[in-house]
Each structure stands twice: as C-alpha cells, then as structure tokens.
Amino acid sequence: MLIARVVGSAVSTIKADKLSARKLLVVQEATVRNELLDRTPFVAVDAVGAGEGELVLVAVGSGGRFTALTDQAPADATIVGILDSLEVDGIDTFNKS
Amino acid sequence: MLIARVVGSAVSTIKADKLSARKLLVVQEATVRNELLDRTPFVAVDAVGAGEGELVLVAVGSGGRFTALTDQAPADATIVGILDSLEVDGIDTFNKS
Amino acid sequence: MLIARVVGSAVSTIKADKLSARKLLVVQEATVRNELLDRTPFVAVDAVGAGEGELVLVAVGSGGRFTALTDQAPADATIVGILDSLEVDGIDTFNKS
Amino acid sequence: MLIARVVGSAVSTIKADKLSARKLLVVQEATVRNELLDRTPFVAVDAVGAGEGELVLVAVGSGGRFTALTDQAPADATIVGILDSLEVDGIDTFNKS
Amino acid sequence: MLIARVVGSAVSTIKADKLSARKLLVVQEATVRNELLDRTPFVAVDAVGAGEGELVLVAVGSGGRFTALTDQAPADATIVGILDSLEVDGIDTFNKS
C-alpha cells in the first residue's frame, strides 16, 4: 500500500451509482517521515473514516475494493488504514500522537 | 481516481464488440487547480455524460468496469465522476460553477 | 486506453497455450497527433485486425481480456480499437483517411 | 515480482476489517545485489514471516492476494517469498547466508 | 506484454504455497533489438521453459496467471512466450537463430 497524506476532499454530484454516498478524499504520497512527495494528488475512497492531515495507507487497483464500502465500486484507490506509526531501520520515523 | 480534464474525443469504427456505442473521450491528467499536467493524453470511456473542458475523476484498471456502461467492456479507464469542487489544505482549489 | 501506433509484429512459437494463433503486434505510444512518443515498444494481442502504421487503442491490464480473442488469455495488453479520428480542443488532431 | 528489502514496519489500529492481524512491513525496491534503489518505500502485507533486512519478493496488484493470509484482503502488495540467492549472468549477485 | 531478456534466476525456499516448484527467473526489459534497457530487473515465473539469454514476452498483472503453471499463484509477472523474431517498420530487428 502507498503511504499517503490526506490533503483535501472532492465533491462530485454526478458520478457512477456505486460511488454514491462515498467520501472522496484527496491524497498525496508521502515519505515514511510524513513529508509530502512531489507527486500528483489523486482521489481515494475513504473506507476507514480518515481525516485531513492524517497519514494513511492507500490500496490501489482491485485490492482497494475488498472493503464493505468499496465492494463493486468503480474505484481504483481506497484508504484502507490510518497509520499510527512507522519504524524504519529501528528508528521511529512517524508517530501519530 | 485520477483527476483529469476532458480535452477531446475519439472515433473508432472498428473496435471490440463491447465497446460499441460507448462514448470515448480524450482525457489528460490535471492538478487540483484544474491545470493540465504534462502527461500523455489517453482515452477513457464516459460513464457519466461528461463534456469537454470538465474536470473529472477517472478510474483506471478493473475499477472502471463497475458501471452499467462498462461492465465487461474491454476498457482500462472510465470517467466515473464529474468534479464539482476540490478542497486542499482548507482552500477551494477548484469550483466548477 | 492508450493511444498507440502499430509499428511491427512479433513471432513466438513457444508460448502459453491460450496465446496460440493470436496475432502479436508491436505497438508504441503516440500523441493525439500520431507522433510516436519516446516510450519502449511493447507487444499487444490484436483483437480487431489492426495493421502496421495504424493508430489504435490499447487496453492494458485485465480490461484487454474482455474480447472473444483474448478471453482467458495470458495477455496484459490488447488492441481493442482502430482509431478513425481524434479531436482535441475543437481541432482534428488525427484523421485516418 | 519486485525485488525489495524489508526496511521497517507499520502500525495501523484503524484499518479495513480484512487487514486485521496482518503484519504490515515497509519495503523498498532493491537491485539484484541487495542495494536499495532510490524509490519510495511502501507497505506490504507479510505472507511468509519475513524479517527486517531480508531481501524478499513482493507481488503487487491482484497477484498478492493468492495466499492464505491475503485472500480477499484490501491489499495491493504482498511479500510472497524470502530470497535465498540471486544469480545474474552466471554470477551470484546475492546470497543470504 | 513486455519485451524482456532472461538475465538470471532466483532461489527462494520460504515462499507462498502456490509458488512452490515454480521456476523464478530474473528478467530485464529490452528493446526490439534485444538491447537491455536501464530498468530494474525483476522476477517472473517461467511458464514456457525459457532459458537465460533468451528474449521473452512477460505478461504482468492478472494476465500472467492464465497459464497452467500460474493459475491462482501469487505472482504478478509471468514469462508467456519465447520470442523467435521481431519486425519493426519492415526491418527484422531481432532474430533468435
């Protein structure tokens, strides 16, 4: 899963049926230190109640559809987890609290 | 989903059966401010009645086939929503009206 | 779908069963003006009777398998349409005839 | 499959149901000589009991879900093997022991 | 499918069940002239009995699992054909014999 930060939200009234009532968040890839990478932001369906500013895990492709909220949804990216912490090489690179 | 702008359309008479009578639009990735990115335009099936110039959400891969119009279609990109607005870091970066 | 030009063909005698008797064409991504892009050519299964030099639509990933010729085939790219014309920003950027 | 090194781990309490009790590891792509590449680390589900510092095979996309631990999981990357050795051009480029 | 050259092999004792007894080869993308490209080598399951040095077709993603050897395997890349020849713009760019 991609490590990404929730940076915003999207509103779309006219959309495919199975996306109705889904929360669409704007996410941008980030480093293990929660620094934004110079990548194009994209839109993911929120399956876990994530909020802006949180560091999350985004499953892209078919994997993101194995949640109750995204089953059979025409989506290619889903927020599947809110990160509490990341550890790399024995160092805590990110800690939410 | 990718944020993209509809920049044109494609006509293909000889095509796979399940693409018949589908509207094929040319899309190009864009920023949250509706600025075109320097990416190669590609063709997406329109599942929501999008028009040229509109900022849309494009689902790539298998996700794009979970609409009535693209079910079982040999397509890898579908326009699944028309964007009304985008908000990033508390700022409205895009507003359709 | 990617916009690509058919630039050649591939011959493979020893191949997975379900690729037997499939026409394998070499394609290279192109602009909406039918100019080749500096991308690595790859091989796609032809599902529409495309010929060399033609500008085509290539469906990558699982989408390309929703044709009679590629159903259940171990392929990741299929030519699903021959382009007649492309229009971008109100201008005809490509016209086959 | 990608050749990657396990460089850390991730903790996520609030996550999609089918990711519960799965070990989430941070991986980074590597060369056949076990040198880290300058690529963004990402998170993979561990299906084989991999440990930090090990060179592993990561299956991305739907392929990674064909293990007992990842079946139907909303994941897009799975560690599916621990590498013992790699040989390229007749030379042992990596040997675990 | 990607055009790639088999450059080596991988050994993994601890791996997902359905990868057991599968030949894992190291491949690297190549041009239509069988020149290696500056891309990171990766590992593919061999479904056709390919040997080192051969130019092959690699199906990535779900497509690679439509062979007897890779059905239901946690793999994201499969060698699905051994190339005999490639022709581009009327010129034989590669000929195996």
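We call the chains A, B, C, D and E, going by the order they appear; numbering starts again at 1 in every chain.
Note that contacts are C-beta pairs under 8 Å (C-beta built on N, C-alpha and C of every residue); 3 or more make two chains touch, one makes a residue touch a chain.
This structure is a prediction, so every number in the text was calculated from the model and none was measured.
Q: Any chance you could name the chains that touch chain A and chain C both?
A: Per touch definition, common to chain A and chain C: B.
Q: Going only through chains that touch each other, what is the minimum step count from chain C to chain E?
A: Shortest path length, in steps: 1.
Q: Could you classify the chain B-chain C contact as same or different, where same means more than half of all interface residue numbers appear on both copies?
A: Result for this pair: different.
Q: In whole angstrom, what separates the CA-based centres of chain C and chain D?
A: Whole-Å distance between the two chain centres: 33.
Q: Per the centroid of Cα atoms for each chain, what is the distance between chain D and chain E, given in Å?
A: Result: the chain centres lie 20 Å from each other.
Q: What are the residue numbers in chain E that touch two or more other chains?
A: Answer for chain E, listing residues that touch two or more other chains: 61-62, 64-65.
Q: Circling the ring from chain D via chain E, which chains come up in turn?
A: Order around the closed ring, chain D first, chain E second: D, E, C, B, A.
Q: Can you list the chain D residues touching chain E in their complex?
A: 1-3, 29, 31-32, 37, 47-49, 57, 59-68, 70, 78, 80-89, 93
Q: Hey, which residues of chain A end up touching chain B in the complex?
A: Chain A residues touching chain B: 7-19, 24, 26, 40-44, 52, 61-62, 64-65, 72-77.
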